[in-house]
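One chain, chain A, appears in both complexes that follow, with chain B as partner in the first and chain C in the second.
Up next, the complex of A and B:
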């Protein structure tokens, strides 16, 4: 029994039917996602739009660019943006340096022990941000635990400045951001086919060569996903830099708070928010040019 | 059966609850007003006001109050702008109060209700009624620089700036320029009575900012609140700090080795404002009149070393002489201090703040 040969006409009909079915299905999916879209519109699009419009109003509620002009006229705004991006880059970099070996370790040990070691990542993750930040302050300050211990043990003579500066900010931020890097990275590493490494060994690669040439490139999507999450979260981070920076590390979020609380200027604060949002998008755009963000973020191959 | 019974019962209680609610609404409308929402700050300041002013004033006047913390004039402005005012009486520093009033966010005070005839000069405006006189001082770790008044202890803003004579770390205010520039001007050797003249002159603010820039390498922390001032001194995190005198006295009570001087300090006052469109505006005004009476203000020094704004309070108070002499409003101390000039702030705050923020971000 041979299959009946299909004519071109049949094929065309079939294609039309398929297309109709596909369209119906996508409409159905759209209908199902509608509540979510409406929710996103209500909670995100409208407030951001409102923020956007506020930033173009002066103190008398009239349309003007005064809030943006001020950001150019005073150098402090540019510096604050620079600091924000610097701190975010540094935090992301340190997270990779610390998080990569940790995720590698987790991905190599037998699965039954992963839970135990994962707790070391997750337990702090579940603890209040504020509690962790103040705990760091207690440890790092001039007469804090670390300085007192080190001086008592003779490691250093005078208190080292660990808190109320960039050091403290980075220590706190890296600690808080680490899980956001380790978790996606661990997932990506677990997905790597071990046979690829074995094949490399079979072809004469040393373990070091196999690691650098096979494992690392395959784990890169995880690194990119994790570091993007960390970087974007850092850009808007407030609590930890505000407490551990001691006023010496001023990020955009802190500048916004200052403008709201001490100048009552909603327009200027909104303008800062808009610029931060736009520059975040810009970073993502640039990143997507160089890295295949689609495959990383949405699982497309 | 049981289900039906339950349902009936729940219907009954539900109806009952509605009835009670309706009745209470009627009752509130006719007999008794809502409690007045009084908002102050946290920490030792709010506690002191509760103990000295609010509890007794509420009891004696029969005005029920609802106490909240986290007072801020920017929140008042947000409430007024969005038309959702829930606060009736809000504590504020004189500068914040004046700024809110300038933006039209406060009700005008009815001086037929609130009696200010015995108030100290410059402790009230048409929109703000002072509740206490405080001072912005510089305080230091007494283990390091000695007890106040002893030989060799710091005694002027020039000493605060002198890191050769007093080596160590410093802390000043973050994000807010109130009380920041005057010390720098006095440290340059300008006498207190000429400070605002200097700051109003061409390039005056810039010179003050430059003076702070000089000290910047030695500033190890910037403080954001009174609670933080106290904590920094308790932890010995910094050696010398600017701040509000009452917070340091309370830190000392908690065991901190901290002392300060009123010499060249900035005299200022905290007060109350009523947000525009406050739900219980009239009752709030009456409550404000009550807490401004000398018999309550007289108790304040027992809880925080801030001086009453009502002169009669000094006559009726049972506070001992030493306590009265420690108040920023005591004549002996007033003569050493510089009164904060709100007019200067009204004219120059915006510019000064931008320049100060500029300095902070450097």
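Up next, the complex of A and C:
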């Protein structure tokens, strides 16, 4: 058979028609995503851009870096950021310590009981944040439930300071953040192939060895995913630390409120917001490096 | 591999019973696997064959019974102390480790020195033809390669018993057939006692020294592939292996068994069954024109062709007998058989060698 002579004028069968159909389809897809793109633009891009531009204006509305210069000049700002990251790290760490065994337990029991136990994690999650925070205050304060019980039982003699300090802040925050760690971690643990652990046992691993050498490494992507969510949420958390910290633990979010309420200084508040946003992105960037490393280690999916 | 003095251990399963609720997954199953033997547990899904394998591996605890490896009673021994190698159906490789680390895992647990570990892993990978893949991640391997890694990992630590749970079921047909031969060669090379679970009768026939047929949690028959195929113990075995036709037999006063007035055999000595069934293997038949002269060593039935299926090396000829029973013949398509001249509706004489006649107790269903 001789090859059919082709020139660019002599087009292949239906090539134009098919190309047009292809283009029409991609236009349609674009048209369908347009509402979402517009919504994102209106709700996220414009406000953040506005915030960003505000931070570069001084009190007279002139372009200047005064808001950022003040942040460097006053040590208190640095301290607030330090506290914010400290509290976020500690909360994330405590969430892992408490959440990992919980997620492990949930992943090991038969599926039909998971709903019941998951409810204990989710029920508080569904109730008002403010209600939970004040409930903790009731329990933790000087004459609160915990102190009264402990003193009645003779565990300690004088009331222990549980609220209005770092302790209270952490207890409240860990309780509220726990579901954000447990849910992705549980999902990751459920995905671990039960047979991989059987294989480990078959190859001579004791249950403890199988847990540390197979289960834990395979659950790490879930730990990383959950920790990131918790950490980022903590960085901007306001209600719980404000109530349970009793003014002793000042986070960036509280500082922003203070500036707005006391000085009505939008520029300074915006600058704080921008720095918090940038540092959050920095954390995510570092973490994504780490995550990429993970996906190489654990497979693409 | 290292040539151990005793490279393999026998397995002795005695009256093993396991129930799930009221259902017997295993009902007083006793099987002896000889040292170095390749035994296949064959049965349909849900027959209990995997339950039995998992009990041997130690992953499920039977309700009663005994499992011995050699002279050692391992019935209550946890899986990590049994020292058997196992290949799982979905391979169960460790996705966070490289090929090398996967295969080295059992050696690492046994605290084998680094140099020897490297040597043994390299040798195991060479045995399964994956020498160039040691540093690959598991997600960079094809199904067949994963299969080989799982295999290397299962034998690298020199287990005396190797268990395989439908290891080839996820592979495509061509690769599966290649791997069957490779597994068989590997078994010969390692000399390790192997228990292999499959629901694929052809795979069982291809690979096994002996086949144990399991149905509804009970051991139905155990024997070499030839014994199982040529002398099935009952209807289940006969229908599960091969694509046979079944004809009910009538017994006359002298004890001769007949079908359509033709005597096909006699009731075996001492047998007390009332009903008997004739089993006909499709490839053991010959087709003749209705008026052909008959040979003494053969018996003949007449029937009509209902369907012809051409499959390349063979053709399936479906027929219906005078009493309505259907018969399947599989003919080689060589010119001498004249398969191409057959047509639906044609009347033929079907011949079968008397030695190829299989008679089993029970009714034809």
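The rule we apply is simple: the second predicted complex is superposed on the first by the 261 of 301 C-alpha atoms of A that agree within 3 Å, B and C clash if a C-alpha of one lies under 4 Å from a C-alpha of the other, contacts with A are read in each partner's own complex, and residues count from 1 in each chain.
Simple rule for what comes next: a residue touches a chain if its C-beta (ideal position, glycine included) is under 8 Å from a C-beta of that chain, and two chains touch if they have at least 3 such contacts.
What you see is a predicted model; the values in this text were computed from it and never measured.
In the superposition on chain A, A:262 makes contact with chain B only, while chain C stays out of contact range. Residue contacts after overlaying the shared chain place A:95 against neither chain B nor chain C. By the touch criterion defined above, A:203 lies against chain C but remains apart from chain B after alignment on the C-alpha atoms of chain A.
In the superposed pair of complexes, A:217 makes contact with chain C only, with no contact to chain B. In the superposition on chain A, contact of A:246 is made with chain B only, not with chain C. Of the two partner chains, neither chain B nor chain C is touched by A:170. Touching of chain A by both chain B and chain C, each in its own complex, is seen for no residue at all.
Residues of chain A that touch chain B in their complex: 70, 74-76, 79-80, 83, 141-143, 161, 164-165, 242, 246-248, 250, 254-255, 257-258, 260-264.
In the complex of the two chains, the chain C residues touching chain A come out as 57-59, 78-80, 82-86, 88-90, 92-96, 105-106, 109-110, 137-139, 153-154, 157.
Interface residues of chain B, counted against chain A in their complex, comprise 72-74, 77, 99-100, 103, 169, 174-176, 220-224, 235-238, 350, 353-354, 357-358, 360-362. Across the complex, chain C is touched by residues 193, 195-196, 198-207, 209-210, 213-214, 217-218, 296-301 of chain A.
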